[in-house]
Each structure stands twice: as structure tokens, then as C-alpha cells.
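You will see two complexes here that share chain A, one where it goes with chain B and one where it goes with chain C.
Coming up: the complex of A and B.
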């Protein structure tokens, strides 16, 4: 509970600071708040706290909170210049911090009403942030598209929750789980439809095929820092919520529904990787790559019977760090438009930036010794242990395709460059890249599981 | 603990090299020589302590059953000696060229040395796979940055090709892991799990793992990445690929294939040997018609590694021992062959054998030393090439007489293509680009001299080399039911 209060208060402080003229301290304040939450979660790792039967801070949500805070700190650090716009600094801070509070609700909910609240608190600020570049047409398109489809998926979510309530008479996740076993056949049907609708709403949020169509446009149109926020914080929160939801129904899913879930994984991996291979715009490419990672994480959720949260937190942390690195360098090269050719010759103009991108790409492609390998390996091992050998084969094929398009970026950096040398990186950004690369290696050597 | 410096020295050297700027070449050479000295000390230690296997064990990711297990027996020691001898030679060989960003080049080379050494001493399936993959990354970037024309396409093909094989190997390891009693990737657990499988399953695991090795070596028909990659690779890259890296695959057959699925090898190994023999003949015939010397070496390498693979897969003591000795000799000879290529091409700008000739008249020393290397490649007695190939063919002949005889032809074919290259470049009149040739420098002479001394030394007195791995090979093959 303290975690939620701290983040909300920091958000309020950001709003108030506008007329108190305290803009300068906002960045340290935000990072400090996240670090405090991180520390709190770490020190209370073994304990659990139930808040009014609505949210629970326990062994499930605390690791996710830690991952969220780590990614949040890195995000604020790497993209701090995003907040340097004159008039909007405090708005941006407040929006980000409020959406972060929504993320906290989503990872810790125990009641479906809380889940819905969390989803909305998380999403609404991000709709606004996506369109924060008011003069940019693509930004407007992105914001509008994200809002419309987001609202649509919220409707699905509400409908699904309503049906679940109809079937079981409660919003409480634990009670729903206990009631799933002895239902009348009519209620059983309601429960299944409710489950499928809710999962579909989640599939919208995490951008799983065939609910992924908004992702490339929104990721491309939004300002790069917001895109980075979406693929890290928003995604992790949505996955944590989905995992919690799925675990509650694990024993009540009939075979047909289970197969459609595996179909979701298969489709996501295939669609994302085949389309990504032909992309020329880096942000769209990263969008499809993000969808492909969604596919892997879905396999992790659906196949790992016990301790899926460990697998997922690890995967999300590693993927988040690699994404932040890649988007940071992308943002440094070009503010908005991003063709693969923008990376041309980067190795000769800025070695650190180039090496960071290479490491991020190798990690996302799942090549040892980068941590992305261990993450993907654990997912595939889980699928294999669950007897879904064909998903392992699909995952391996997807990884091979992924190597092709990630390496397109790597190869282009080795080309001789005709472009003028780019401006040097700021010291803090250099440290940021060193830390990210270091983490990608360190997480292999000491995998926190 | 004695085993750890084999990994630490190259890794630390790689890091130091990267930060040493202009002195990179000396730092890396010093590091690799230190490594060689340490390995020789280990050899001494190994022989004076009754050839006792050194081990190191530490949990790594317990949830996944992965351990940081290392093991150094005679077989691993042989390969470690190979990489520690070849590494300083490769580094020294590149001193005559002015590569841009050489501190990065040497750091990547040392990093690769680290990974290859790791794969030779890993005693855990997961760890082996990780080292196996790490070794790929530096060589990919070496070829991408310092390679020749068309490197983007060729290197990507190389990377994807190898990745496909590796992933099949990983899949097989996961499969084995699920059948282990204690859910562990440790070598012994995998051995037990593999041997307990029924024959058909052993065959599938055999196919999955062998695919990875067959691509890396490479064996016909999976070799199409190799000649192109060797051709565009910078000379030190080609030396590393052919001198050490492909031995990861042949070593893999000894450690990670035959003892894991002996019945699978017994039942289906004949197919693999068949492909290896086809590979030998196919590559030899192509070598004969090559016009370019570097491509000739590339195909010759396929032929030789095919023989090594066939001999090892015979799974008898002669075959495996021959394979190990031949790996060592092939590593040394390859450095020699590629170095001669480098010497000629830096001066004349071409490796087209039709446009060269009479170099021996300009530089008799090069002619003489090249002749010694050629004689070793064609396995003349009293050269190191003879010891290995002789044992390999004996082993293969015991396994299957017809295949043995066919593989034996490769020696004759080897004489044809190697002597042809010698004749075209060294003998005859000085013509075309060959007129540009200048006498070799002292550095070049020294390196070739080392190669020749090793060739003749091992050839005349191979006993200590054979003795390194004999006991371990016997122990490994003992009690295996094929």
C-alpha cells in the first residue's frame, strides 16, 4: 500500500510543483520515489499485505514491482531530456507517475474491479502522452488510434468481467477460483466466454496477434520516449495482470480454450516475425519485435505451471533493458523519423552507441552470452516440459527469423558512413548505456530468478 | 582450481587488449604466450600426476539444472594445447598487416580464444552450448568488419547456418535434460540419460546433435557457407575458423555425441560416416579444379575434416586417437597454409594460381618451407600429418572396409591438389603478378620456421602427443555398447 501512496503523492507533487516553481527537483524526486518503492519491495520480499481485499502486495506482485521500478528508473534516467520542454514538464511528470500508479494496481490486484481501475489509470495518461507532440500528424494519429482501440479493449474487459461476475457472483479473484469447480453448465458457459473476452482484452493490451494491429502505428507515431515507456512499463504491467488472471483460471480451462490460447502464441510469433523481416522503419521493426517477444512471454505464461512469475519477471526485465537501450540510441540518432539507414556507419561515428545497440539486438535475438538467451531458453524449456514440443519448434523458427532482422540493423552499422559525425553523447547517457550493457551480461552470469 | 586460468587468461587478455590502444598486438601476444606457458605447465602437471583428470564444479543456474562444471582430461588437454599453440601464431601472423582498429580485432580474437577454450573444457551441456555460441559472435564481427567483398551477405549466411545447427543441438540437449534423473545438464547426467534411451530416440538425438557439428565442420551437403566465408574472411579470421573453431565440432563428436548416444551412433553412425566420406571425395575433387589458392585451402579443409569426422565416428581407439592428433596437426598446417596465402597476396594482390609462378626462384626460403607444409598436408611420413591420417584410416578401415578404402583415396587426391598448387605458384617462370613478389621479412620467416619445426618435430617423434590422450580415449570408449 505504501508503494501506491508514494507514487500517487509524487504525481500530485508534480502537479503542484507547477505553481510552486519546483520543476528542477522533479526528476530526482521521481527517481527517488521509484528507488524507495524498489527498496521497500525488496526489503518486504518475504511478507504479504492484503489491502481491503482489493490488492495484495505479496510474493507475486513484489518481484513485478521491482522490475517495474528498475525499468522506470532507467527510463527516467535515459529519457530525462523528454521532460525538458518548457511548458509541459510538470504535466509529463504527473502523467507518467499516475500511469505508473496504475501499473502498480495492475500487478497487485486481487479484485477484478481493481484490475479495471488499474488498466484505465495506466492507459489514459499514455493516450495523452502518445499525442504529446501536438504538431505531429503521426503523433495525433497514434494517440487517437491508441485511444479508440484502447477504449474498445476496455469494453471487452468490462464485458468479460461482467460475465465472470454473472457466472460466479463475485469480483474477487480468489473466490472466483474456488467457485470455478462446481458450476452449473450454464454458468460454466458464461465463465468460459467471460474468460475468453478478458483474455482478448489483455491480448489487445500486450499486442498479441491478431489483436496487434494498433501497435506498429502507435509505436511509430508516438514520441520515442513514450514508445519506450509503452514497450517496457505498460507491457510488464499488462503481462503481470494477465498472468495473475490466467493463474486464477488455470484448472478451469477446457481443452478447446487451451488450444485457442496456444494458437494465440503461434500466430503472434509467426505474424510478428514474418512482417518484421520486411520492415524498413526501425520503430515499426521494433514494434513487430515487441510483438514477437509478446509471443514468447505468452508461451511462458501458458506453459509454465508453477513459478511462471519468476520466468516472466526475468524475461520482462531483460527485454525491457534491451528495449530501453535500443530506443535510447534511436532517440539520440533521430528524434522522430527512423529509417534503418539512420544507423549506417554508427560504429565509426559513435562506438559506444553502436556497441550498445549490438548488445541489445543480440540479447533480443537470444544469443549467448547475453541475458536474452537465458530468458528465451527458459520459455522454450517450459514449453518443452509442458509437452508442447511444437511450440519449441515454432519458437526456434521465430528466433532464427528474428536474427535476420535484428542483424539488418547490426550490419548497417558496420557500413562506411557518409553522414556527418553525430554529436557526442552526454556523460550521463554514456553511463546509462554502460549500465544497460553491463546488466545484460550480468543477468546471464547471475540470473536473478 | 588449476583449470580456471585456461579461461581467465584469455578473457583478461581480451579486456586488456581492448584498452591498450597502440600496444594491442604486444599485449595480446604476451597474453596468448602466457596462456601457452600455462597450458604447458598443466601438461607437465598432468603427466607427473599420473594423468589425473582435473575438474572444477560450481552451481550456476540451479533452477535450470545448469552448472559451471569444467573438466580437463587428456582429450580436452589435447584441444587446449591446440588452441594455445595456434593462438599466438595467428596473432603473430597478423603483425605484418596494418588492420584498422587493431585493438578491437585482437580483443575479439582473444575473446574467441576464451570461448573456444571454454567449449573444450566444459563438462555441462548448457555451459558447452553457451561457449559454443559465444565463440560465434567474435568471428562473425571479425568477418563483418575486416572481411572482403560481399561480407554482409556471406557472414549473415554463415551466422544463420550455424545458428540453425546450434538450435537443433540445444533442442536435443533439452530433450536429454528432461530424461535425466536429477534434472541436470551435467556431463555424467546427460551420459546416463542418453544411454538409457531406446535406440530410435537415440537416433533422433544423434541426428539433432550431429547436425550442429556437421554444419560447423562442415560436411557435405551442409558446407555451402564455408568456402565463401573463408574467402571473404581476413587471414587471421580464416586461420581461427579453420585452425581451431571447426575442431569444436570434431571434439564435440568425441565428448558430446558418441558417449551420450552410443547405440544411436552404432545404429545410424554409418550414415554420418557415409556423408563424411562423400564430403572427403567431393571436396578433394573440387580442390583439384580450383584456380584460387584460398578457395583451394577452404575445400582442402573440408576434405581433411571429413576424414577426421569419419575416423572419430568409427568409435574405436585408433580412429579417435587419430582424430585428436590430426586436429592438432591440421590446426598447425592450416596456419601455415593461410600464412603463405597472406604473404603472397599482400605482395602480388592476387591468389589466382594461374597468374602466379616461379616464386621459389625469387624466394627459395618460402619455397622450401611451403614444400614442408605441403608434404605434411599430404601426410608424408615423418611429418605430423602422417601420424594422424594413418591412424584415422586404420580406424575407419576397421569400421568399414569399403569406406576406409574410399577415404584412403583422399590422400592421393590430396597429393594432386596440393602439389598442383605448389607447382603453379612456386615453380615455372616468374610471370604476371608474381613479378611483384618481394622476399619475406624476418617476422614471416620466423613464423613459418615455427610451423615447420612443429610439423617435423611431431612427425618424427609423435609418442608424447599420442600419450596425452590415449588413456582418456580408452576410458571414454570402454564399456560403451554400440
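Coming up: the complex of A and C.
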């Protein structure tokens, strides 16, 4: 509970600092708050705390909180120039911190009311942030699409929750689990429809095919720092919530629904990788790559019966760090529209940036010495252990396709460039890139969490 | 009255809203359709709450109403921002981002 209070109070402090003239200390304050939450979650890892049967901070939510805070600290650090706008500094800080509070609700809910509130608290600030470049029509479009599809999927989530309530008479997740076994046939039907609708709403939120169509548009149109925030923090929180929800219903899912869930994984992997291979815009390519990683994480959720949270936190951390690195370099090269050709000759003009992009791409493609390989390997091992050998084949094929489009970016960097050398990186950004690359290597030797 | 009537009514309202969001061109009408979907859920929540004889579902309705109000505030702000740039609320103009 302290974690939630700290983050919300920091958000309020960010609002107040507008008229107290304390804008300068906001960045250290935000990072400090996240580090405190990280430390608290780490030191209380073994304990569990139930807050009025609404939220529970325990062995499930604390690891996810740690991943979220790590990604959040890296994000604030790497994209701190995003906050340097003249009039809106405090608003941006307040919005991100409030949406972080929503993420905390989403990873720790035990009551479906808390889940709904968490989803909304997380999303509503991000709708605004997506449109933070007010005069850019593309940004407007991204913001509008994100808002519309977000509200649309929330309505599905709510309808699902209402049906689950109708079937069981409670919003408490643990009570719902205990009541799923002996229901009347009508209530059984309500429960199944409710489950399917809620999972569909989650599929919207995590951008799984066939509910992914909004994601490339939104990721391309939003300012790059906001896109980086969406593909890391927002996505991880949504996955944590989906995993918790799915685990509650694990024993009550009929065979047909289970198969359509595997179909969701298959479709996500295939659609994302085939479309990504034909992209020229790097932001769109990264959007499809993020959808493809959604597919892998879905396999992890649906196939691993015990301890899926360890698998998922590891995958999310590795994927998040690699995405942050890639988006940071992208933002450094070009503020908005980004063609693959922007990377041409980067290896000759700025080696550190080029090497970190190469490492991020290799990690996302799952090439052995990097952490992404271990993450993908663990997911596919879980699929094979669950007896879904065909998903392993699909996963490997998808990875092969992914190597093609990740290497398109890498190869362009080796080519000679006629462009003027780009401006040098700031020292803090160099440290950021070193830390990210270091983590991508270090996580390979520390995978067994 | 049996619960099925409420279930069917709110499912119909929800579908009208969902189709409206998908096929209407005007952004403000899209917002109204989303409100219709949320109110279909509210109706269902209250009906189930009466069936189970508890207040939980009705309390949830208050949460939905509050969040819907916040969402509309944000949505109209986004719409104003778009209107300033393209002088229209027709969403078919918003198609710069494709494939």
C-alpha cells in the first residue's frame, strides 16, 4: 500500500510544484520515488499485505512492481529531455506518475473493481500524453485512436466483469475462483461469456492480433518518449493483470476456449512478423515487433501452469530494456518520423549509439549471447512442456522472420553514409546506453528468478 | 421479472453502441455510442445486484459513472484539439497513419 501512496503523493507534488516553482527538482524526485518503491518491493519480497480485500502486495505483485520501477527509472532517465518543454513540465510529470499509480493497481488487484480502476488510471493520462504535441495532426490522430479504442475495450472489460458478477455474485477474484466449480448451467454460460469478453478486452490492451490494429498507428503517431512508455510500462502492467486474471480461471476454461486462446498466440506471432517484414518506418516496425513480443508473452501466460510470473517478469524486463534502448537512439537520431535510412552509417558517426541499437536488436531477435535468447527459450520450453509442440515451431519460425527485419536496421548502420555526423551524445545519455547494454548482458547470467 | 429480460436488453444496447462506435463517422456520435455501451453495463450491474440481493454491483455503477465522466472530459479535450487543426469532427479525415 505504501508503494501506491508514495507514487500518488509524488504525482500530487508534481502538480503543486507548478506554483511553488520547484520544477527543477521534479526529475530527481520522480526517480527517487520510483527507487524507493523498488527498494520497498525488494526488501518486502517474502511478505504479503492484503489491503481491504481490494489489493494484495505479495509474491506475485512485488516482482512485477520491481520490473515496472526499473523500467520507469530508466525511462525517466533516458527521456528526461521530454520534460523540458516550457509550460508543461509539471503536467507531464504528474500525468506519468499518476499513470504509474494505475499500473501499481493493475499488478496488485484482487478485486475486479480495482482492476477496472487501475486500467482507467493507467490509460487516461496516457491518452493525453499521446496527444502532447498539439499542433501535430498525426499526434492528434494517434491520441484520438488510442482514446477511442481504449474506451471501447474498457466497455468490453466492464461487460465481461458484469457477466462474471452475474454468474458468481462477487467481484473478489479468489471468491470467483472458488465458485467456478459448482454453478448452474445458466451461470456457467454467463461465466464463460464473461471470461471471453474480459480476455478480449485484455487482448485489446496488450495489442494481440486480431485486436492489434490500433497499435501501429498509435505508436507511430505519438511522440517517441510516449511510445517508449506505452510499449514498456503500459504493456507490462496489462500483462501482469491478464496473468493474474487468467490464473484465477485456469481450472474453469473449457477446451474450445483454450483452443481459441492458442489461436490468439498463433495469429499474433504470424500477423505481427509478416507485416513487420514489409515496414519502412522504424517506429511502425518497432510497433509490429512489440506485437510479436506480445505473442511470445501470451504463450508464456497460457502455457506455463506454475510460476508463470517468474517467466513473464523476466521476459518483460529484458524486452523492456531492449525497447527503451532502441527508442532512445531513435529519438536521438530524429525527433519524429523515422525512416530506416536514418540509421545509415550510424556505426561510423556514433559508435556507442550504433552498438547499443545492435545489442537491442540482437536481444529482441533472440540471438544467443544476449538476454533475449534466454527469455524466448524459456517461453518456448514452457510451451513444449505444456504439450503444445506446434506453438514451439510457430515461435521459432516467427523468430527467424524477426531476424530478417531486425537485421535490416543493423545492416543499414554498417553502410557508408553521406550524411553529416550527428551531434554527440550527452554524458548522461552515454551512461544510460552503457547501463542498458550492461543489463542486457548481465541478465543472461541472472536468469533463474 | 426474470433476469433474462435485463440481460437481453443490455446486450442489445451494448451491441447498438459497439456498432455505432465502429460505423459512425462523426467523433461526437462515437463518444455517445461509447456512453451507450457503458450504460448498458450499468443496467446489467444493477439488475444482477438485485438478483444477488447485495449492494456491490450498485457501488460498482458509481465507479463506472465517475470514470466515464473523466473519460468524456479527456475525450472532448482531444476532440477540441483535433477540431482546431482540421476544422472538422469527421473522423474519416483522420487517416494519415496507415499500414
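Assume the second predicted complex is superposed on the first by the 448 of 449 C-alpha atoms of A that agree within 3 Å, B and C clash if a C-alpha of one lies under 4 Å from a C-alpha of the other, contacts with A are read in each partner's own complex, and residues count from 1 in each chain.
Going forward, a contact is a pair of C-beta atoms (placed from the backbone, for glycine too) under 8 Å apart; a residue touches a chain by one contact, two chains touch by 3 or more.
All values reported here derive from a predicted model rather than from experimental measurement.
Asker: Of the partners chain B and chain C, which touch A:373 in the superposed model: first, second, both, neither?
Answerer: The answer is first: A:373 touches chain B but not chain C.
Asker: Touching A:147, do we find chain B (first), chain C (second), both, or neither?
Answerer: second
Asker: A:58 in the overlay: touching chain B, chain C, both, or neither? Say first, second, both or neither.
Answerer: neither
Asker: Touch test for A:342: chain B only (first), chain C only (second), both, or neither?
Answerer: neither
Asker: Of chain B and chain C, which one contacts the greater number of residues in chain A?
Answerer: C
Asker: Chain C touches which residues of chain A in the complex?
Answerer: Where chain A meets chain C, its residues are 113, 116-117, 120, 124, 127-128, 131, 134-135, 137-138, 140-145, 147-148, 151-152, 154-155, 158-159, 161-163, 165-166, 169-171, 216-217, 220-221, 275, 284.
Asker: For chain C, which residues count as touching chain A in their complex?
Answerer: Within the complex, chain C touches chain A at residues 3, 7, 14, 17-18, 21, 27, 30, 34, 37-38, 40-41, 44-45, 48-49, 51-52, 54, 56-57, 59-60, 63-64, 67, 70-71, 74-75, 77-79, 81-82, 84-86, 91, 94-99.
Asker: Under the definition above, what is the set of chain A residues touching chain B in their complex?
Answerer: 310, 347, 362, 367-369, 373-374, 377-378, 380-381, 384-385, 392-393, 396, 399-400, 403-404, 407, 410-411, 414-415, 447, 449
Asker: Hey, which residues of chain B end up touching chain A in the complex?
Answerer: 61, 63-64, 129-130, 133-134, 136-137, 144-145, 152, 155-156, 159-160, 163-164, 167, 170-171, 174-175, 177-178
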